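Common to both upcoming complexes is subunit A, partnered first by subunit B, then by subunit C.
Let's look at the complex of A and B:
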């Protein structure tokens, strides 16, 4: 079985005692317990300021268990990418920030859209999924 | 020590993929100053398929600063903020069901489904309308753990 494991360690001293969270999950196909995600796309792109781009060109099948990792590798902390899904602002990833989400791609408009602000942002991404609709040549 | 998050991804899907290991320090938007506020670690038990707010931005005791823009569709910043949320589906009473998921959304827009044991970490806007919602796929009881980090407005 294809196996993809995602683990996180989160720690903070904002509370009166240190908070630490460890979590790990094996990324499975939607609704299954024995079949792991078996396809992936891994890339690194420079995004110039100005236009909004779909991060993933070929959209995974809607309603599946896709997982998206995204990191802004810009070294300037004032640079950021604005992230939107279906015209809804999700948030910003400043230089050095990463995110990891289950990406639903629930319809053709639900692509992950990014816009670079401040300067050319350097973005690394990985999409783990169980099937995409390829773009015909 | 600040607030830090480290992700490690391993996979045998693609031959030669060496995995991902990255850390970040949660800072205030556009600066190297540590983020300064948190909701603390919380749990929410869900037993119905009706959407529920995990975070109602306008009801936070400490108002989160917004990441807003001057013009919708335009990236020009009006106010800067870098809030983030961690959410994990921990199942119920020690039983983690990989076949049952909870759709996490922002302002009614579905982001994706957290199946049993899955976790996510993502940025937020902090804007009042952009509440974080949770919609279970079934009536089976499920518990979400979450913590939000943000800047005070």
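Let's look at the complex of A and C:
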């Protein structure tokens, strides 16, 4: 099986004492401990301001343990991308920010949608999953 | 200025034919600036348990109405469970974000788009007597004297489970603590659940509009997959 590890470190001095949070997980298929996610797609795209796209064109299997990494590589701090899932506003990813979420893809409308604001945003993404349904040509 | 950083490392030696090694650090700043974020909920940890016959329901982690919308807020959630099949379903508003299986964590931006809080006003008027009462939201106010402004101040000074208040003269304005469309406001001059006990005093309702409330669109909630105790850790970093 493939072994993919995702680790996060959050550190800050905004409290009266230093804060450090560390977590690491091995990305497994849903409900297993011995079978790691073994498929991924990876991309880097420029998105012009105002344009809205489905970031994931195919449909990963629903109800699994898919993981989505997304980073806004824009260097202008006023640029951001709006993240939406099935028209639900999730949040804004400003230049330099990243996110890592479980992605459910529970139906055909549950695509991860992104809209670029402020200028052309440079987006890097990686989807780790258990299988996808390719879009018929 | 506070400096808060978030670092992610994604690594695998056998997922691809070549090694995957991705690491990036973000300094968390307020929306559209290079100024560091200054507020956080701090890290919290909670175990949720349900009785075997109880319905498992979503628990709100963060209510959008408590935070400023459309900023650069970030949410961290980790499923501390070690049982592989146990997962938390993470929702933003009504939309399922995904499942956090045992040991999994998530870190994502949050729009915190709130709904609309219901509001109405109560005007204390007429001839009140000491001992007259007005009840709302399970809280009873007993008039200490006959002065309407004093009684309004008493009404406003109460702590209501679901409402906040301000007072101006004999008028008390109520605002719901959370955005919802639960229909407490039934018209411009009516609400549900209020009880006046007075021979000739009045507590007239005004300023309410039926249907004015609207549920928040982006509260963050979690749903455990099993009744037995599941533990999560979470932190919100916000403006």
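Here is the rule we go by: the second predicted complex is superposed on the first by the 137 of 137 C-alpha atoms of A that agree within 3 Å, B and C clash if a C-alpha of one lies under 4 Å from a C-alpha of the other, contacts with A are read in each partner's own complex, and residues count from 1 in each chain.
Going forward, contacts are C-beta pairs under 8 Å (C-beta built on N, C-alpha and C of every residue); 3 or more make two chains touch, one makes a residue touch a chain.
What you see is a predicted model, and the numbers here were worked out from it, not measured in a lab.
Student: Output check: A:115 vs subunit B and subunit C. Expected answer is one of first, second, both, neither. What do you get?
Tutor: The answer is first: A:115 touches subunit B but not subunit C.
Student: Now for A:86: first (subunit B), second (subunit C), both, or neither, which partner does it touch?
Tutor: Once the two structures are laid over each other on A, A:86 reaches both partners.
Student: I'd like to know which partner A:18 touches here: subunit B for first, subunit C for second, both or neither.
Tutor: First partner only, subunit B.
Student: Touching subunit B and also subunit C: which subunit A residues?
Tutor: The overlap between the subunit B and subunit C interfaces on subunit A comprises residues 2-15, 19, 21, 23, 25-28, 30-33, 37-38, 40, 65-66, 69, 71, 77-78, 80, 82-83, 85-86, 88-94, 96-104, 106, 110, 126, 128.
Student: Would you pull the subunit C residues touching subunit A in the complex into a rising list?
Tutor: On the subunit C side, the touching residues are 2-16, 20, 22, 24, 26-29, 31-34, 36-40, 42-43, 70-74, 76, 78, 84-85, 87, 89-90, 92-113, 217-218, 235, 237.
Student: Could you pull out which subunit A residues touch subunit B in their complex?
Tutor: Per the stated touch rule, the residues are 2-15, 18-19, 21, 23, 25-28, 30-33, 37-40, 42, 49, 52, 65-66, 69, 71, 77-78, 80, 82-83, 85-94, 96-104, 106, 110, 115-117, 126, 128.
Student: Where on subunit B is subunit A touching in the complex?
Tutor: 1-14, 17, 20, 22, 24-27, 29-32, 35-38, 40-41, 67, 69, 73, 75, 77, 80-84, 86, 88, 98-101, 103-104, 106-107, 109-115, 117-125, 127, 130, 147, 149
Student: Using the touch definition from the top, list the residues of subunit A that touch subunit C in their complex.
Tutor: My answer: residues 2-15, 19, 21, 23, 25-28, 30-33, 36-38, 40, 63-67, 69, 71, 77-78, 80, 82-83, 85-86, 88-94, 96-104, 106, 110, 126, 128.
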